[in-house]
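See below for the structure under consideration.
Lettered A, B, C and D in written order, each chain numbered from 1.
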Amino acid sequence: MKIALLNEFSQAWKNDIVLRELKDVVEPMGHTVYNTAMAKPLVAQDVPEAYTEENPRLTYLHLGIQACLLLNSGAADFIVTGCGTGQGAMMALNAFPGVVCGYCIEPSDAYLFLQINNGNALSIPYAKGFGWGAELNIHTIFEKAFGSPKGMGYPNEPGRKESQNRNAALLNEMKAAAGKPVLEGLKAIDPALVKGALTQRFLDCFYEGCKCDELRAFVEEMAK
Amino acid sequence: MKIALLNEFSQAWKNDIVLRELKDVVEPMGHTVYNTAMAKPLVAQDVPEAYTEENPRLTYLHLGIQACLLLNSGAADFIVTGCGTGQGAMMALNAFPGVVCGYCIEPSDAYLFLQINNGNALSIPYAKGFGWGAELNIHTIFEKAFGSPKGMGYPNEPGRKESQNRNAALLNEMKAAAGKPVLEGLKAIDPALVKGALTQRFLDCFYEGCKCDELRAFVEEMAK
Amino acid sequence: MKIALLNEFSQAWKNDIVLRELKDVVEPMGHTVYNTAMAKPLVAQDVPEAYTEENPRLTYLHLGIQACLLLNSGAADFIVTGCGTGQGAMMALNAFPGVVCGYCIEPSDAYLFLQINNGNALSIPYAKGFGWGAELNIHTIFEKAFGSPKGMGYPNEPGRKESQNRNAALLNEMKAAAGKPVLEGLKAIDPALVKGALTQRFLDCFYEGCKCDELRAFVEEMAK
Amino acid sequence: MKIALLNEFSQAWKNDIVLRELKDVVEPMGHTVYNTAMAKPLVAQDVPEAYTEENPRLTYLHLGIQACLLLNSGAADFIVTGCGTGQGAMMALNAFPGVVCGYCIEPSDAYLFLQINNGNALSIPYAKGFGWGAELNIHTIFEKAFGSPKGMGYPNEPGRKESQNRNAALLNEMKAAAGKPVLEGLKAIDPALVKGALTQRFLDCFYEGCKCDELRAFVEEMAK
């Protein structure tokens, strides 16, 4: 599975911690990790000097656009994201069809979300409650998110899995109905916002794995 | 403020607890509570005998439709929702433009979401972690959600509020761009799903407060 | 390592869940589990008919006495306990010299306690917050408690481990100074309370592993 | 009620935050707050230059001694304490008769502990999980700890209060039996440790409120 980690500016200085814990857990399982949004900035403060052309300032809005492109093109199979509380990233991702993003404070949140809701993205708080033990907590979150097949339903009772999978499928349909087709939606967004999301590390991951000619053409055009 | 409580079938047997705690907290503040989705069913099991015409079986998908109609029509100003983990309800609500739904496990989640993300809906788990103290926890969640003006930013640092409000506004724009116009989106959804969401208590609240002729006409047509 | 599970009456009807999760985690590690206090009673209500001679009604006070005898005699190396909130059991255990009992709501609590405080007992809430996911939570708590050597210090900074181990040792000394010698303390407690703690499954575990002649003689005398 | 706040060295640089939140909550209720252990040190690092004669380096062991003297002499009615995880402080306090210290991560922990266990001390983690929202969390913890009469029992079911109060009283008896009399226990502890706990702000609070001649004489002797 291709897993992309997406951090925004406010907690980007913790990107190296999250990336390390994610790789520690999922690489031995055979998954590949891409770090497509922000890496650790030059300084922890939100000042222009913190950012470079290779590591520009991204907000949770950019993360939503990256996730939409990565998941809908097949360039990534799963997104790990978050922000200060994780709520902004969670909502920005859920704004798009094809993205099913849960919110996760502790390990059993992750497990239950993947069993019940069968999603393809997780948003985590990287400032709220982030003190001693936070790196242990996200390590264990990753263990419980990726340590077993998803979509099995919970709790283990007759009919529960089928009912939960049905609702998960219906949610995808309802989102597809309420939203525009992916490409049409992306074209309706402020182009400056879309262009801002197309950083070099994102493009490397996207071009490597994109299986959708339309989305590839769109990204090539916007990245010019 | 008009606050609507939306419960689905799996945790509907706790609707009376949530409704009581919500009213206890917000009525003294001058808010009005509507209980528009499921009330406590006749039996706690998910069997046909649990439900009645007045209290039919609703899933989190129906909650999304109710929230969309209530918030976009002005019939409600805020939605309190949830399900077993709260993730399904959160995603179903966030599928729609005009709905900004946070996820909330404990009181400071609610406070931070309202200060940072300035949303109009909260989803809460009513089975996950719901043991001794759960009614205290949701009581305090409501105190912290509704006890102070929202959108003030967090933490209290220069520029933080402005930056966070700007991102919250941009998220609304991005969602509006990615999604269809509200009415068009609703018309694209399986009509059986929409009709299923239009229960009597929902209609009472909707008709009482709806300020949008188009949405009213749509609901009247679908509720026939 | 010999690990004893100690449940009291109020949450004893969950003993089978806790016991199963504990065994699932620690038996593959080579540890042995003893279930020395309450097993699942005949009915969930706290009525005389719930209890039998083999499974009498025990409170957290009895758990403190059992833990004191098991740990100070060498019959057990570690205690897993708890009650409705886990606070009563935690305090009853900490009343005794030789018992170092932490409190644990989620997995990183367990890990940090064992790394920093190097204890030999953990108390867990079995009613507070005990809803969907609770069995996953205690499973993961046991993984993090027993999955690595304890007393390594936290966070991983120069001098931290030494400083924390020193304080843990000094706490044992201070408790030994403030308390009576173990046997003298046990003799000063209401004999009816002590006798009540000496149930058959406790005695089986105690006699099997006790390495202290004085404590064995005391128990034999009290159990007559 | 006289409430004493007790911080040790590792999290003392947060003492001003905790003190502010505690006063904000309890002074309007008519309670008086004493800050008897560590105040904010000169620098956040644990180096000799951080500390002064007025604000010496105290560990959780010293906090246990302070709490024992304050509660058993009547100089304080309640203790708020903690350390990195809060476990060390909790165990150091519970080492002494007359001190009934609960552990508290979030607001309902505090409420349940005071209703069920009727204690006189609370230990809180000031590093574990201490990120965005931490000051809100401790504020709400204090609201729920001190906002209603304690010892009322939980949940509200027939006989629950009586049973819980009985066990709380029996715990006090069992601790008194297992421990030495307070003064005897204090005299058995390493005098250097006791002397180290007798800082100026502690002495001010102790002498102001001490109602026990024996303990006063002991402190006067040790503080020489």
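By our rule, contacts are C-beta pairs under 8 Å (C-beta built on N, C-alpha and C of every residue); 3 or more make two chains touch, one makes a residue touch a chain.
Only a predicted model underlies this, so the values are computations on that prediction, with no experimental measurement involved.
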For the copies chain B and chain C, the interface residues, called same if over half of the numbers are used by both and different if under half, are same
When A-D and A-B are ranked by contacting C-beta pairs, first comes A-B
Cα centroid separation, chain B vs chain D, in Å, comes to 41
In whole angstrom, the CA-centroid distance of chain A from chain D equals 43
So, in whole Å, the Cα centroid of chain A is separated from that of chain B by 24
Listed in rising order, chain D residues that touch 2 or more other chains are 84-85, 108-109, 112, 128, 132-133
Within their complex, chain A touches chain D through residues 84-85, 125, 127-134
Given the complex, residues on chain D that touch chain B span 106-109, 111-112, 132-133, 136-137, 140, 144, 154-155
Residue positions on chain A within touch of chain B in the complex are 59-61, 64, 68, 84-85, 87-88, 90-92, 94-97, 100-103, 105, 108-109, 112-113, 116-117, 119, 128, 167-168, 170-171, 173-175, 177-180, 185-186, 188-190, 193
